[in-house]
Structures are given as C-alpha cells and as structure tokens.
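Before any comments, here is the structure.
Chain nomenclature is as follows: A, B, C, D and E, assigned in order of appearance, with residue numbering initiated at 1 for each chain independently.
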Amino acid sequence: MTINSTEVDSAKLILARKKIRKEKWKTFFMTIGQNKAAAVGGVIILLYISLTLLAPILSPYDPYEINLPDKLHSPSMAHWMGTDDKGRDILSRILYGSRLSLGVGFSSVFFGAFFGITLGLVAGYYGKWVDTIISRCLDVMLAFPGILLALAIISALGPSLINVTIAVGVFSIPLFARIVRGSTMEVKKLEYIDAIRTLGANDFIIIFRHIFPNILSPIIVQGSLRLATAILSAAGLSFLGLGAQPPSPEWGAMLSSGRDFIFSAPYMAIFPGLMIAILVLGFNLFGDGLRDALDPRTKK
Amino acid sequence: MFLFILKRLVQIVPVILGVTLVVFLIMQMVPGDPAVIMAGEGASKETVNELRENLGLNRPLYEQYFSYVGNVFKGDLGNSLKNNQPVLDEIMIRLPITMELAFFSIMITIVLGLIAGIISAVRPYSFSDISVMVVALIGISLPSFWLGLLLMYVFSVKLQWLPVAGWDSTAHIILPAITLGAGGAAIVARMTRSSMLEVVGQDYIRTAKAKGLKGHVIIYKHALRNALIPVITVVGLQFGSLLGGTVLVESVFAINGLGRMIVDAIRTRDIPMVQGGVLVASLVFVFVNLLVDVMYKVFNKRIDLN
Amino acid sequence: MTNEIVLEVKNLKTHFISNKGTAKAVDGIDFVLRKGETMGIVGESGCGKSMTSLSILRLIPSPPGKIVDGQVLLKGQDLVTMSEEEIRKIRGNRISMIFQEPMTSLNPVIPVGEQIAEALRLHQGLSKKQAWDKSVEMIGLVGIPSPEKRAKQEPFQLSGGMRQRIMIAMALACTPEVLIADEPTTALDVTIQAQILEIMKDLQKKIGMGIIFITHDLGVVAEMCDQVGVMYAGQIVEHQDTKDLFKNPLHPYTQGLIGSLPKLYEDQEELQIIEGTVPSPYEYPEGCRFAERCPFATDICIQKQPNLIQYDENSKVRCWKYSDEWQDSLTKEGVAL
Amino acid sequence: MSNLLKEKSPLLKVSDLKQHFALKKEAIFQPKQVVKAVDGINFDLYPGETLSIVGESGCGKSTTGRSILRLDEPTDGDVLFKGESLLKMNKKELRNVRGNIQVIFQDPYASLNPRRTIRQMLEEAMAIQKVLPPNQREARMLELMKHVGLRPEYLERYPHEFSGGQRQRIGIARALAVNPEIIICDEAVSALDVSIQAQILNLLKKLQKDYDLTFLFISHDLSVVRHISDRVMVMYLGKVVEIADKSSLFNNPMHPYTKALLSAIPVIDETKRRERIILKGDVPSPINPPTGCRFHTRCPFATERCRQEEPLLREVDTNHSVACHFAEELLS
Amino acid sequence: GSSSKSEEKADNPTTTGDKSGGKLVVVRLSDATGLDPHFITDIPSANVVHGKVYETLLAFDKDRNFAPLLATEWNQVDDLTWDFTLREGVKFHDGTPFNAEAVKATFDRLLDPVTGSPQKDKLGMISEVIVKDDTHVTLKLATPYAPLLSILASSEGSILSPKMINETPDQLATHPVGTGPFVFDSWKSGQEITLNKNNDYWGEKVKVDSVVFKVVPEDATRLAMIESGEAHISDQVPVTEIERIENSDKMNLFRTDGLAVEYVGFNTTKAPFDNVKVRQAISYAIEREAIISGVYNNVGTLANVAMSPQVFGYSKDVKAYPYDVNKAKSLLKEAGYDKGIKVTLLTSDRKERINMAEVIQSQLKGIGVDVEIKVMEYGSYIKEIESGEHQMFISGWGNATGDGDYNQYNLFHSASVGAPGNNFYYQNPVVDKLIVQARVETDPSKRQEIYKQAMQIEMDDAVYVPIRNYEHLAVYNNKVENFRLDASNYLILNEVTVK
C-alpha cells in the first residue's frame, strides 16, 4: 500500500466521520420529532427556556417594584395577568421567575443525578459488599417519604432556594442511583463489556467509556421526568413557606402567596400554578417521548 | 415465602436504625433551641436552662442518640417537648387518620388508574386513549395543593356539595383522597397502559389468539394479570410519595394526620416528635414496600428463577 | 399424494406499511397442503416464514401488518375474507400453531393445564371438569410424566423441552386439521429436539392432520417433511418433494444453501458460500431477488422477476434458468454456460 | 498429526478447573445452594490447533471459556498460559497478558458497544495493549478491515449499521487487533444463518493459517465443530465426558452421551443417518447434579455402579479419552 | 332512613333545637400546646381556657377597667399588702368548693420552683399568700409592684382546682378544671378541643351547649369553612380578606384594638446600626403609613412608640420620625455611608411581616440602602435575634397585662438584653433607672410621666421604628351573635348565641 493511497483513504475517512456525526444528531432529532408527544414537550421546554433568556426584554414592568396603590388589579390590558398584593405586575414576575423555577429544577436534578449516577455506577459495577453498603444507604434514603426528608433538610439548612435545590436534589439521589445501578448490572453482563475486559481495560475505562454511555438513555428519561417532579416538589416546599425568599418571583413562592387570595384574587395563584403545570407537562411529555424514542424495543 | 418475609423483616432493622440516625443528625443541625421555644416569648435564662437540663439536652450527642435508640426498641419514643405527651400516643392518634387517607387515596389511585389505563390500552391511539392520557398527564402536572384548593373552591364553597375540611364523615374523605390520589392515578394509568401494550405484544398473547380466545378473555385473563406486575411496583412506590403528599393535603384540608404533625413538629423543633413521626412514617413505608414485594412475588413467581 | 387438499394458499401477500415505507414480508406465496402430509418451509432469517404462517391465521400484528392480497382456503373456505368471529372459531380448533419460543409462548401466570383446557372449553364446549381431564390426558400424550401434577404447574416450573411439549399438547388438543409449527425446536438442544420431533411424527400418525413445518434447519426438514418450499425474500423460490430437493436442488439459492452447510460426515477444506446479503424487504430489486448474489445471473435476471414455474410434476422453481427465455437471453448476450 | 501435537508443550493447560456459582439465598436459614457449572475439568490446548467444546445448553461450555479468562473468578484449579498461572496473577499482570487470549462472542449484537464506532473500538484495543506506536495504528486498522473482509470506510460506522455477519467480522477484527495467540470462539457462528456462517467459518480457518492462531471453539453445532476442529471435547453437566481427535470421536464415539448426541443430529443424507438413540427426560440441574456418573439418569446402559461411582476420564485409545465405566464393553 | 337524617343534624353545628343552644365551632391556626395556665405561654392556648374554663380573681371589662370575678372586692392595704374578698357559692367543675385555700394552693404551685412554671417570674414578687378565712385572702409582696392587678386578671392569674393540684397535677396540662362557664370535655391532640356548657355555673350561664376549637392551618380553608357555615368563628384572619368578608352576606368581621405593637428594631451593637445616625436615617426613610394601608389593609393604627395606646404608660406625646427621604440621605452621608450600604432585615415567617419586609426593602432602596430579607421560621428567628448576630429585624411585643412595665422592662432594660426581650441590645443607664423607678412608683400619673421620659430617650436614640398598634380581627358566620374579642385577643364567648 503506497503512502499516497493511505492519505487519500484517510481524507475520505475524515469526511465520512464528519458525515456520520452529523447524521447521528439528525437521526436523534428525527426520532424525537417523529414522536408527537416528545415534540410538543420539547417545544414547551424550549419556549420556557427562551422566556428565561428573554425575560428582561419581554417583561413590561420591573418585577420587584412595589406599587402598593396598584395592588390586586385583575388582569387587564395594562397588566395581562393582573397585579399581586403589592402591586407588582404578575406577568413580569412570572417571566423573571422562570429563571428561578427552571434553575431549581435543573440544578437539583443535576445535583441528584451526579451523586446518584456515581453511586449507582459504583454499586452496580463492583457489586458484592460495595453494592450492599450503597444499597442499604439508598434504602435508608428511600425510606423517608421524599418531602419529609426535604423538610428536615431545609429546616436544618434554613429556607432558601439553594437549600430547596439541595433538598430536592438529595431525594432524587436514590432514584437515579437505583436506575443506574440496575442498568449497570444489566450492561455489565453484556458481551461487549466482557470483550473490553479481555482486552485488558481497567475499571475506569470500562465504567466511564463503556458502561456509562450505554445507560444514558434511562438516565436522560429519568432526568426529564425528575425535572417535572423536582419543580413540583420545590413548589410544594415553597407552599409550606420553605422555599425562595421574598421578593424573589419563584413560581412556587408566588403560588404560595397567591393561595390567600384564591377566592378574592384567584389570578394570583392561577397563573403561576398554570406555568408550573405546563412546564411539568412539558417535561413529562418530553421524558415519555424520549423513552419511546430511545427504547430499543420500539426502535428496532 | 415465610422465610422470605422473615428475611425481609430482619433487613428492615438496619434501615430503621439508619433512619433514626439520619433524623437524629438532621435534627441536631437544625438551628433553634427547643428549650427556648418551649419556654416561650419572654422567658428568663434560668427557666430555659432548667428546661434544657430536664430535657437532657446537655448530654453528649452520642449518649442522647443511644439512649434514644434504646428507648425506641422498648417502644418508648419519648415525650413531646410541646405538650409533654408521649410521642407514641400522639402518633397513634394521627397514624390511623393518615393511613385512612392514604388508603382511600391509594384506592382512588388504583381504581381510577387501572380503569383509565385499560381503556387506553384496549384501543391504543384512539380518541378515548388520547383523551384519557391527556387527562392523566394533566393530573400528573398539577401541584397537589393547588388542585386541592381548586376542588375545595368548586365543590365545597361554590356548589356546597361537600364539606370544606375536617375528618368527621365519609363526605370529608372524598376531596382530600382525590387530591392526593389524582397524581398517582395518572401515573398508574400510564404505567398500566404501557405495560398492557407491552404485554399485548408478547408471544403468549399471540398464543392465546391462536387458540381462538375471545378478545375480552385475552385482555382480562391473559394480558391484565401479567401487566399488573410492574403496576404493583409503581403502586408501591406511589405509596411512598403519597405519604409525603399527605403533608400538603393534610394542611389544605385541615386533617389531623401524621404528615402535618411532623411538619408542625419540625417547625416547633419538637425533636422527639419529629424523630418519632419520621420513624413511624418510614416504618410504614418500609412495610408497604415489603407488602408490595410479597405481592410481586405472588404475582410473578418467575422471579424465583433468578 | 392422493389425499384430499386441506389447505391451499394462493398468491398470499402480507405487507408492513409504516412511515419507513412498505416491507413486503410475504410477497406472493402459493402452496397446497394435503391431509396427513407435512410441508416444510425453509429459508434464512427474515425471509418471511413466520409471517406466512401468521398470515394464514390472520395473526399478523396489525397495524402495521396487512394481508394485501391472496386467499387462504381451508377446505375451500377463504380465511382472509372471513369475519373476525368466524376465524376465531377456526383458530386453535381446525388450525393450530406451535411457536418457536417455548419460553415465552406460554402465559407465565396461568397453570399450563388451564392453558390447554381453555381452548377445549371454548371450541368443544366441554365442561370445566371434562376440559381439565382432557388437558391432563393430552399432557400425558406428549410424554410428560405425572401429567396431573404438571398440569397444575406454571410454565416457569417446567423445562424448555416440557414447555414445548405443552405447546404441542395445546395445539393438538382440539384435533386440528392443520398444524402450523413455526420453528418448534430451534430453541432446544439436539437431544431434546430429537424427542420432540419423534412425538410430532407419532401424533401426526394418530391424528392425521396436515403439518406446515417451518424451520431454517435443512437437516430437520430432511427428516420431517414430505415436500419443501424454499423461501427467499418473501417468496417461494423452489418447491419440491424433500428427497428430490436435496438430490437435485434447482434454484441457485437452494444450491448455495445446501453447499454452505458443513457436512457432518465429510471433510471439507472450505465451505461453499453465497456472496452478498439479502435485499431489504423495503426495497426489493425489480428483477430476480436473488440475482445480486447469483453466480448465474444475467441481464434478464436483473430486469425481470421470474415466476414460479412448474419444473416437472412435483417441482416448481422461480428462476429464469429453467424458463424458455433463458436460452434466448444467453444467446443474445453471447455468454456460454 | 495429534502425535505431533503432543510433543509440543501446551500453550494453555487447564487443570482441575472448577467454577461454582453461589445462588442468592432465599432465606437466612436456607442452606447455601451452589451451581456447579464447571466441576473439575482438565485439558491442554496446543499451539496452532483447534479444540472444540461441545455439549448441551448449560453444560458449562461458556463458563469454561470465561473461567480461563478470569471473566468469572474460578473457584478452584489452575490455568497455565505458557507455563504461567493466570489465576495467580494480580490485576495488572492479568491485564497485560490478556491481549494474548481473545474472545469472539456468540451474540454479534451484544458483543459490540453500540455507542462506539469501529474505529474507536479497534483503536482502543490497540491502545490498551499498546500493540503499535499510535502513528502506525491507522495502517494496521485498514489492514485488519481488509483481512476480515470489510470496507475501510466502515471504520466510521456504528455497530447498528451492520448485519449480523458483518458484526461478527468486526468482533473478529477487534480480537485480532491485539495480536492474540489464542482465540476463544464462544458460539461464534451459532447466531448466524447458514450462508453467513459459512463465510465466517471460512474466514476463521484462513486467519488461523495466516496468523498461526490457536482456537478454543465452543459450539453446540456438531457439523460446524466437525468442520473446524482438530480435537473435540464433549461436556455434560460441568464434566468432560469424552475428548478425542475429531475423526476418532465422530467415527468412533465411546461415551453413550456422545453417541446419543451424534445420533440426534438431523442429517440430510438418509444413507448417513445413524440409528437414533432418543434420550429420555431432561438434562438434570447443575445445582444438585446426580451422584456417580452424571449421565446415569438418562443413560440407556446405566448400572448400579454408574449411580454410585463417578467415572474418571481415562485414555482408552490413542488420543481418545472417555469418562465411562463401560466404554470398552459398549464398543463391541 | 330517619337515623341518617338525625346524623346529618348532629353533624351540622348550625342546626339547633328550640331549647339547645347548639354547638359553636371555632377554627384556628394551631392547636393549644397545653392547658395548664401555669405553663401556657401562648395566646392560642390561653384562649381555650382563659375566661372559659378558668376564671381569675378579677377581670377586665369591655373598657379595660378591673371588674370583680372570683373576688368580689379588693383592697391595697399598703405597698406590699393586698386583701381580697372571695365570691361565695362557687364550685370547681370537679365539685371542690372555691375558697381561700384554693387561691393559696394555686399561687403556691405557681411560685414553687419545683413546679418549674415559665410564668413564675410574672408573679415572683408575691412572697406569701395568707388565708384569713374561707372568703378572705391576703397577698404579701416582697417589693412594691404596681401592675399586680393586671397580672392577676390575665391567664396567669387563673385559679385552679386544689384537688387537681394535690392529687393529679400532671393531668392539668390536658385536663383543666376551673370554675368557669365552660367545662372541659375532650382534647383530640392536633385536631380539636371541646368544652361544654357549665350548667352549675355561679353566674349567668352561657348560651351555647358546647364550643369546639378546631385546628385548620390553612387561611383559605378556614375562611371557606366560615363562609360555608361549617365553622362559626375564626380569630386569625388574613388582612387581605377584609373586603371580601365585609362584602359577604354570610360572614361578619369583628375588629378590636389590641395591646401589642409591631416595630422594626435595630441591633444597636452591630455595625452600621451602632451609629445612631444610621438608625435615624432609616427611621426617616420608612414610610410607615404606606405599610399600614398597603400591607395591613388599615388593620391596626399607626404606632408612635413601642407601646400600645391600650397599655398603661402609653403617651401620644412621644413622636416618631416623620417620612423624610432627604433628611435620611443627609444623615447617611453624615454617618459616612453615602455610597450606600448593604444590610439584612430579619423576620419570622408570618406572611404580613414578610410583606412588610418587602415593602421596607423597596422603600430603603430609595436612600441607597440595599436590604437583604432573611425570612426565618419562628424558632430559628428567635435563636437568631437572641444570639445577637442580626442587624435589622421586624418584631412585635404583646402585652398580656396591659401595664407599661411589662413593656419597658422587657424591651429596653439592660437586664433584659438577649433572650428576655431586649433584642436591640440597647443599654442606657438613664433608661434603666427610669424603668426601675416606674416599677415602684405607686402614683399612676407619676408613673405615666416616667414612662414618657424613657420612651422619649429611646426614640431619640432611634432604637426602633414603631410601625403599628395591633388590631385584632375575627371573622364569624352571620349565624353567630354577641361575639367579641378583647384587647388581648381573647375570644369572649359568654353571650354568644348560634342561630
């Protein structure tokens, strides 16, 4: 084989490689796109994310500006969603609040996923006593009804959005860990893992290069469904007065302060409630769709 | 089976110990001196110190923990800091209420969920399927306390069909149970549907069809029983989040249950009460899980193979 | 072959229609099955064997599957156009099936005896007790010891071989006229396979049904069947009496298939191979579906699809080589054989 | 040929290998249950030969292969590779020596990581075993692809884009990438259609010649085994019941189980069909294997002795060993 | 059937027969912590028994004058001696007769250190209780103590059954036995407490048959219950619902001025609030009127000092700082903070207080003070202000006795720094001296004058910003009549009828 032809070959190869990469993404989006539910969910999520980014531009008023004489106006042309009990524009607050609510959702899930995945990988891969210890600890965590654990954590750390994030994150650790542990044990048994072991790979390579990428889809699915629950839990904690601190326009907190007006000024609770519900719906749709799209059984 | 249950019971012990330890540690981290809170506004330093001494709050941590665990195994969960009543008594007043609420909610979850799931699965992608699933998705997405307030507003205040709050008659159970069970019902519905659809694709369903069985026999005799297996697990897990959910629903509907008791106890730093409450809640949870595992085993004997 | 015809399949076509396109899984199958006769269908994975058998009883998953053309005549009665209610009465009663996977084809949560009895109650109107007794009898008939005990067990308590025997018992419980066996022994060990094949032969003698025996194992076909249809890409490419087929395979594909088998009692340095791969059912070539891999292919093979032509009395083949046009196409091209 | 082999020293020596799996205990008071998947087997593998292991499902074929590689830690016994004990090596030494023994697995779908391109797989294999300096690996990959009959641009593809036969070729390329001396083929062709199977079998034979490979070939398909092997080992319930040169075994099977096995194979050519020995019953469970000869429950010739006394593997003929008390008697 | 119908009736508290007075349902935020007046430290607990199960020697009337109750007459013999004549023919609910021995037993228990009552200090100046005869008792004081009567009229002064005290003192917490118009019936912890009409009451009997105190933690739920008639009275009303209540034809609102005040305090030892100019600047910058109307919906009145007008010692002449942003700015500049400051404002998690904090945050933004709000759940909040780590905080001071001493000594005396109540960490010898002086002064007008002086100094030092004098609210269903709240937020149920 002459040098020349190898060069030609590798040029071809690089091209081919690029094309493959592109197509990989394309097929991913195609599969998602084909699933209507996932597509709707994806659009909802994208919409929320753009709201988050565009809040300063879209908001008609300062979300923090208190204007007592204007309090509790029902929805009108000037205030599309009305004003709250301190005369702040609810629409503007909701727009700014999306940052917080999405932030809590994403960071708590990230937090839970990070520890959960690590624990799950280690327990699932090494098995035996390592697994026993980790699993028992997870059992303990699971034995707490989630919100009670969060409550206890928050009363220890004090109420704040960050602590809510941590608390909600903590109780999703065992959920991630269990899924990851299960999938790891499944994937561990597959022949390609044996193959890489017979090649002499060390545990690190096996776990992170070979097992982890192959259990991503249940993680992603779980992640997006957890996001929904996380946002609801955070709202629940805010409802109990343990969430975001005033005057932050976190939706759960808005909802919570709106509940006193549920009869006299229902719009104060309805709009943030709807925003939460739709976002949660979005993540649920997306997660479900993703599950269908990524499930090899439905693919074939 | 008996041995299996026994083994699982033995396994519960370390979990419960773990739970007590975690609660104990968390409560230690909680700021706020229970003695100060008990003494109330404007009490003098001496009073507070005296109280602290009486409550044993001056002893080293590990000592407090060990004496606590020792007492727990004797069935003594200590006395409430708030009203000095035995914690166990306080819990026993509320546990039946919460269990009743949980029971009715889980019934709603199961019955509604199964019916909806089967309706959907029988004719996938039909109008009825899609509408049931849309409702289910919405059900999952609504914050439960919000749903509770809305239901209360519509059915109790506006229509006056049902009582607003409390826990005195059957009518009182309806709204809280729906509020608490709705999310779970939606999840069970979706699980039933996907599980049914998966089972319907199985070889043995094809076998049943090849035998010439009627459609409904296939669905109820051959498919549903198998489809229920994963659903049982989901229901079991659902029970866990249900216990958590009682906190909110009990607040909204003024139900004197365990969940609200724990929240109140956390607020007032009534440490023995928190510890006892969480311990009991966890025990209930763990036992329900055991029950689910047993049912799972009964339904799915194939597990024995592995 | 003077026996009466029980089943006749004419131009059967089953397609899978989805947004990926149309997969022509079964694309024009014809054959005739007589009483007491066993017909084998062989072919490689994905060629449409299972779909053919499922189409006969209209059990293809639908959507996306659909029988788009053809007839399936059970003693002259067309199953394809029948109402769902009518065909239900035929399933498990006059035509039964045995599936490939004994592990998954039985309902895991129902005692096996009940699974057999169920069909008996339905089709033969037996009482609960009668059906159960008959079911126990059937389990004994397929050679499972202590049938009373086994009947009460659930599938997971039985070994693979036993489960497959239960499947056979279930299929034969209502003494069907036609038995379709879709790879009934593929999942089993050879020694167990031998047991099962023996039982099937015995029972056929007793009951006298016609059997459609689907497999990819040519050895099994040789031992079990009277006549064989070789399938390739959704079509039957060759149909002969079993003995003739192995003595004198006509179609190049059949020849390749037999050639690529390692021989049990002969030393070979290298195995004969068929180059290339099976075309996708979504886009079959216009001409002969085997042309791409065929060492004899000419232009006509690539351009036009051959028909299943009568080679001699008991043999049919789908190949231009045996047609009248063959010589013409060769001379035109000027290629010598 | 077999005499020649014996003069060489074995490349791999398996002695008294045992692999017992403890089953999960159901309850605390339940006695521990053990699956004796492989229960004391001995054999040698000589350089350049193909030794096949046959037997029914669950008899311990795969477990034997996995124990040799320490994919599962064996319970007892030893495996010597070129005189060095594989089982006594520490993790690091083992990783280094592993490149010498490779596996081709049964399931062409499960044996390739679906998230990695062929290039990544081959590159990684070479990198782990440091077979070549990085700049020469590209050329080596192209060469490997050619050897196993795949187009070079396929390097960039993912496994799902290949058919079963092509995947099996990829698995072979990956095994070859690290220049192994022994390749264990665990049902390497069982999942494939006959026409593809033939391609792969031919390829394996060719590669064996080209690279001077030694094969441990695990299969339950006796015609394939006969085609590819030099020697054949028959296993039953975790034990070796017969081991012999291919021709000797096929023409002159001594163990009743081997006989039954051979007779059960459906044969196309009627004239070559043997009288069928139909075995009664099912294979017993390896959890509580029968006493004495493990085959006695199904053996048509079983006697009281078979029930009591376990037959040892003994050389009955040149290069033909069998574990049956009555091998000689049955011959006649 | 008919039985189910009668059940329905029993369920519905509003259905009453001709003779029966019906069941009155009171819904409240939280349950009582205990029912032993010697241990009760919170109004919600005291509210259940005070004036209902237990009675005091004397009581406040509608106009907050002392009126006889269990004592028919009283008389201050000298600075340290008080004589009481007791009512005759009164019996405790357990049948024990009420007499001088009962009074002695009650106060002896309270004052006995072994009892460990947190209320001991309030009557700690009593050195001896002398029984003269069955109907006459004398209290001996260790030091002169002007506010004695007001404490005796509060819940702490309840007279307990001596039988209970001697035989089963542990049960007092859950089973109160007094002389009042209601007899304790049952307590379902966390759920409800039931009292029944005392048919043997010495005075005018109550109109209802029973009263049930139910725990309903959600504001919205309580209101819904009142509106639907499921409950009759709620004494915790969100100020934001006033309009709705007033517009409703099913609900009525009762308002009464309270004894408590609410204020924003400064930790005078913590920078920058150790600088009086900063404190003054903030005082100028808070627009208190906006808070009263915006946050409190005009419930309560603008406070000028940290003492309610209802409390003895109040003076309207001490003036709070007016709203003046310019002054505030210049004071800040003088203090050297013209580039702006960052401060934290601590509050407990009561909704109105959080709202107030938000408004203050927004107001102080105007003078370049960047406020970070720290909401803490009550327990942690208390701990925080008692540890002295806080800067600015919102707080309130109730006044069970209605006397200025309770206010000034606890809030501003240097002996009260930290836990007892001086969370300003304010130490001023002049103020200390004035407060002690007022304690022993028996001439009411002189006392008044002394308190005024002290309060003026505190105001000059800008220790706090007075915000609001409490107004107590209760909502009741329109089936209820003759209901009122007193200034200490006690429900007065003696005359209530349910239609």
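Throughout what follows, a contact is a pair of C-beta atoms (placed from the backbone, for glycine too) under 8 Å apart; a residue touches a chain by one contact, two chains touch by 3 or more.
Here the structure is a predicted model, which is why all the values come from computation and not from measurement.
Taking each chain's centre as the mean of its Cα atoms, which chain lies farthest from chain C?
E
Tell me which of A-B and A-D has more C-beta pairs in contact.
Output for the comparison: A-B.
If you take the mean of the Cα atoms for each chain, which one ends up farthest from chain D?
Computed centres place E farthest from chain D.
So the centre of each chain is just the mean of its C-alpha atoms; given that, what is the distance between chain A and chain C in Å?
Comparing mean C-alpha positions, chain C is 50 Å from chain A.
Between chain D and chain E, tell me the centre distance in angstrom, where each centre is the average of that chain's C-alpha atoms.
Whole-Å distance between the two chain centres: 87.
Can you check how far apart chain C and chain E are, centre to centre, with Cα atoms defining each centre and the answer in Å?
Taking the average C-alpha coordinate of chain C and of chain E, the gap between them is 90 Å.
Where in chain C do residues touch two or more of the other chains?
none
Please set out, as single numbers or ranges, the residues of chain D touching at least two other chains.
Within chain D, no residue contacts more than one other chain.
Show the residues in chain E shared as contacts by 2 or more other chains, in ascending order.
Those would be 218, 220, 224, 377, 380.
Along chain D, where are the residues that touch chain A in the complex?
66, 69, 71, 94-99, 101-103, 105-107, 110-117, 119, 124-125, 128-129, 138-139, 142, 152-153, 155-158, 171, 174, 178
Would you mind writing out the residues of chain A in touch with chain D in their complex?
1, 6, 9-10, 12-13, 16-17, 20, 24, 190-192, 194-202, 205, 209-210, 213-214
What residues on chain E touch chain A, complex-wise?
Touch residues, chain E against chain A: 218-220, 223-224, 238, 240-241, 243-244, 290, 293-295, 349, 351, 354-355, 357-359, 361-362, 373-377, 380.
So in the complex, the part of chain A that touches chain B is made up of which residues?
Per the touch definition, chain A meets chain B at residues 136-137, 139-140, 142-148, 151-153, 155-158, 228, 232, 235-236, 239-240, 252, 255, 259, 262-263, 266, 269, 273, 276-278, 280-281, 284-285, 288, 297.
Can you check the complex and tell me which residues of chain D touch chain C?
The touching residues are 56-57, 163, 165, 193-195, 197-199, 201-202, 205, 220, 222-224, 226-228, 250, 260-261, 263-270, 272-273, 276, 278-279, 282-283.
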